[in-house]
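Listed below are the structures to be examined.
Both complexes shown next keep subunit A, but they swap its partner, so subunit B is in the first and subunit C is in the second.
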Partner chain A sequence: MGLARLAGPTDDVIMITLTLKEQPSVPLEAEVISPDVLANLDHAAVRALPVYLGKRRLRLDEFFEVDGPGSEQIVIRGDAGKVKMIGRGMTRGSVRIKGNAGMHLGAEMKGGSIEVTGNASDWVGAEMTGGFIRIQGNAGGQVGAAYRGSLAGMNGGAILIGGTAGLEVGMRMKRGTIVVGKTVRDFAGLQMKGGTIFLLGGAEIRTGAWMFRGTIVSLLPVALLPTFSFACEYNPSFLRLYVKQLAALGVSLPNANGRWKRYTGDNSVPGKGEILIGEPEASAASATGVVSNSSGR
Partner chain B sequence: MIYWGGNPAECHPRHFTKYTIMQKGKFVPNGRKGRTMVLVDIRETPSAKAADLFLQIRPGKDFEVLTILRALIKNQRVDSRIAEETGLTLEQLQNLVDRMKNARFGIIFFGMGLSMTRGKHMNSAGVLMLAAEMNAYTKFVAMPMRGHGNVTGSDMVLRWSTGYPFGVNLCRGYPRFNPGEFSTVDLLVRGDIDAALILGADPGATMPQPGIDHLARIPTIVLDPKVTHTSRLARVHITTAATGISAPGTVYRMDEIPLPLRPALKSPYPTDEEVIRRIRELVAKKPAWNETTNGELATV
Partner chain C sequence: MLRITGGKVYDPANNINGVVKDICIADGKIVADVEGGRTIDATGMIVFPGGVDIHTHVAGAALNFARAMTPENQRQARKFVHSANHRMGIGGPTPTTFATGYLYAGMGYTTVVEAAVPVLSAKHTHEELRDTPIVDKACCLLMANNEIVLDLLEAGDIERAKQVVAWLIWAAKVYGVKAVNPGGVTAWKWGKDAKTLHDPVYGYNKVTPAKIISSLARIIDELGMPHPLHLHCNNLGTPGNAATTLETMKVLEGSRAHMAHLQFHAYGGDDWHSMRSEAAAIAESFNARPNLTADAGAVLFGNAVTITADGPWQHLLYQLTGRKWGNLDVENETGCGIVPYTYKGSNLVNAVQWAVGLELLLLINDPWRIFLTTDHPNGACFWRYPEIIHLLMNADVRKERLKKLPAKALSRIKLADLDREYSIYEIAIITSAGPAKALGLTQKGHLGVGADADVAIYNQNPDGELMFRYPRYVIKGGEVVVEEGDIRNPHDGREFLVKPPFDPAIEDFLRPLFQQYYTMSFDNYPVELERIEHAELRTIP
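Then we have the complex of A and B:
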């Protein structure tokens, strides 16, 4: 198309800022907003990137004010709640969204990081294999999930959600970590195959339904399906490794040293998954004892 | 045969006599006496009279019951205390499992009491998984009891034309399937569409209120033989001939058998097909509109 691409690597310090002019009337599909696409483009080339409004194929600059040349560091401003597929399949760089993000944020991503100050919609990090996503507000459903008809969801990386999340969080996930700060809705860890989900604010119903393997850690009691069996009450030593890992991401796991009830299931599969439920009141009392026990081992 | 979350005695009155429990067959020479019918529902409907076994479960516990059944057929452990929250005891469920395993050919018909309550598609998935897993012991199938006219036909046509039964988006030039993202009710409730063509349906009577409000906001075109809730809030209502009465066509029965329709009456109104064809011809005459961008596009 006669649009020049910049030769050579771009300077990492330079950022590109995309400011949404106004919220589109129907969802805008903008999988081009990804560090892999923008990294080596000049300003004019970025503005000419194609985005889809319904069936119409339009230029990026019809919706966004573009500030700066192409870069691996992308900043998006404005309510992009209807902008879908931001950072899809990205492998490097960063996307920082000052506002909301639409569906499929960071879906199938392999590396890099995404941060959202507002809320995100459904399918955050669906089928991602690596990288890091942090949502300060609420997320929709199917976080880190497998797409319909697909066998496996998230296969690596981490998703941190400060607020609530919707249905089917971590559906069929295989590896990786999801942390949700507030309540998740039904079917968290549905058909989960591996990986870890931390529910810091509890869950509605049917948590861990049909799970094969994997771990769901809840700080609050959750309603269990009748196909989960109580295994034991213990202090899982691996949680202390997670404490370190999550602390680096800014998440504190309060009663990692306390007593945890372990439930296994889902027996309907039959699966070998586990749901760990923390005991807030008991944790404070027994914490020291458990720590001394484990350190003596 | 198990009816789950449906009331065929009132909603599909010919189902018992014509297809399921009454008919005599090569392997069921005694008809009704040779069959066992189980009804699972949240209330005792008139269908319960026809059933050998009626299991009343608490509302919104379908998924739990199905999950327990999946565990029981594999002799897995189930927590009896939590299981009783479903309204059934573990013995009742074990009894159902034994009956299912002893059947030579079992079928589960599931209605909208299952697929439209909390859990929705996962409740249906529960029935389908249960039927699939029962095939380790005996022949078992599952079939939905459809609620409206010819929804199976819509599923069938979309299936052979796009590969997916519903929730299909063709904006990018190829079919994409994602229920929840592209299904009608979600698109309407989120306000993600700016025009609607409603054909052979009355979403104004069944959709949640935010969806109906959005239909009233956007240009909505309705093709229907009669005045409906949707046609009242539509910008345009084109009266069409009633298919099967005054227009020919094909309907798909619930078991996906296509049935030709011969009209008994004549109608002054055009058929749905004719209206759509004429709209399509007029649209085809218009200039291509999908490349109306200002300036050049980059290739990615």
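Then we have the complex of A and C:
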């Protein structure tokens, strides 16, 4: 999967900085804030890009101070919690948000990286196929999920969330990795078809409901549905490989060499997915905080 | 007034095969000559009568249900942004009403037949068709599972059944009559199906699917309807169903009939693992029966949405795919099932289906009796017709595609042995002249004097797909509606209606049945003629 290759931006390139003037009254649709769009535009063209406030089409510079020429390294400052679709469908470059991000951040992205120092709203990385997203704070629901009606959610790439996450994390995901540092809410891995979800801070209820395939790794005991059956207690070798990949992203996974309980399900589908639950000593380690906020810069 | 000059004209109904001649248009009709007005120089282009789609699903309750059920398709579909020339909409497998009109016209089609309308939702269907611009429309009414009609057949009261059928045709304001899985949809209300033609339908003692088919076909003929019974046979989609289809052709002896989406009814084998093409046997029997016409219902690989009144089949398809399933029960009249589906070239069954559609088009030797359709959106979207035309016109292209199919599929199909290539003239027959003739639309499908001025002009190109995907000009009712790759002057199309003869006293028989069995009062049931904008009514004396 090559998480280690998904390196962030280097500091010696020219960046474009967008500073939010004030939070919009209703959510602003700004899918133009993407390296693919900004890379080849000059300063004036960036300022004139269209954004939608409700049904009204307005200019980007009505909402953002724009500093610098177009670049595929984008920095956003301010509380962009109501700015939707940042980095949607991006294939390269980086977006660094010093603050919060709105819904659909990095949805359908194919490559590049997104980092958020604050919180992100729902649908982070929905249906993404590649690239890397790191949220230092909390995320909303449907992280890496399939949009309503779609057969498959996230199909590659990685999403790291330092804090908590909402409902239906990884719903119908097919490939890729999601790591959540603190508790996730209900239905993590709903109808999951593949890929891996690491729950470092445990989960609320109905984890893995209707999962067909894929792996959910929890460091804390989770309330399992009755349609999951205990398989064995063992040390999965693939976890040791994951430790190396996750370490490159600043995530440490304790107890990878320890013992794990394996449950299979969801038998109501019937599915061949698995939930791995670490032994109690592993959960003690997780409580000390395992998602590092520093990525080495 | 308009003159099209310099183009090679393909007008099979008038035996004109690629002759360079002028086509003149005045007041929405083809005329012998005009003076003045615009001249279109069509040098290097081919001139066709506007396309006629004899079987499609573009409006009504079922299609709307399908639109709502598939947000994933809508999200990825082509967008039509509002402009001075057109309204907004979305394309994809189940286009919105306005987009449907633009997409058909944008392909050179000017007449479409919505093939499945229950009386109960006819008002909704007509309203959607009113909002489907440019193209002229006609509807077929679902009849073969109407319990009032079946009860009359059970009682042997054919004469009264004929009166009821005629009254229902006029109540729904339609053009023709469709029979879907005769008896099967009624049986589905008890969780059953009608798999054999000569056994009584569940809930009846005497009525068999064969009796429904032969009675309706005869009634339609006796009423003098311009289009014969439009039949969706029993056992659609299932391995081995060719036997049912061949038997149905025997049942239809002595009557006219149009067999819809024949591809879905031409399979051999005992189960999904042994499924094979029986297109050759179907074509052989069909070729010998001049009372029949058919449309292909061809399949192309990719996303589709299956929508049919054939409820039991849709439940089976849902069980096979594990995808979404919608089911509608239309009171005493019919039902409906909806399942989104993806045809895959790597799938043995889908590969056989793809080949069967093409085989039927190639093995049925009279192009005046087999027409190009995909049973949109069941086999593929209508806007993919040019892909099928390309395959029909080029045996080498077909052979290249065959190489991509699973090796196992090749032993189940005959397509590799078929070298026939359609000529441009034959394409004009299967897309326009033939279906217009089968529909009895005498003013459509040709470019003779007096015909509706529906003309499609394409750049001649050895690649059939490129040629027919992007018409250079499309003229509908004398107005240029497509030019320079965009929609111009979209106007409302008309709707063709037929009023067959019936004794108004039949209402005295129907009224109490409605009070007893329907949720709708009898007086609210028929569609008022005033609801149909631009109706073109043909009254049969």
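Here is the rule we go by: the second predicted complex is superposed on the first by the 269 of 297 C-alpha atoms of A that agree within 3 Å, B and C clash if a C-alpha of one lies under 4 Å from a C-alpha of the other, contacts with A are read in each partner's own complex, and residues count from 1 in each chain.
Please note the rule applied: contacts are C-beta pairs under 8 Å (C-beta built on N, C-alpha and C of every residue); 3 or more make two chains touch, one makes a residue touch a chain.
All figures in this text were calculated on a predicted structure; none of them were measured in a lab.
Within the superposed three-chain arrangement, the count of touched residues of subunit A is higher for B, of the candidates subunit B and subunit C. In the superposed pair of complexes, A:122 makes contact with subunit B only, with no contact to subunit C.
When the two structures are aligned on the shared chain, A:58 is found in touch with subunit B, with no touch to subunit C.
Of the two partner chains placed by superposition, only subunit C is touched by A:150; subunit B is not.
For the contact definition in use here, the residues of subunit A common to its subunit B contact set and its subunit C contact set are 147-149. On subunit B, the positions that touch subunit A within their shared complex are 63-64, 67-68, 70-71, 74, 76-83, 85-86, 118-119, 122, 129, 171-172, 177-181, 192-194, 289-300. Within the complex formed with subunit C, the residues of subunit A that make contact are 147-151. Those residues of subunit C lying in contact with subunit A across their complex are 69-73, 75, 323-324.
Those residues of subunit A that touch subunit B in the shared complex are 1-3, 25-27, 29, 32, 37, 41, 45, 48-50, 52, 54-59, 62, 82, 103, 122-123, 141-142, 147-149, 186-187, 190, 206, 209-210, 224-229, 266-270.
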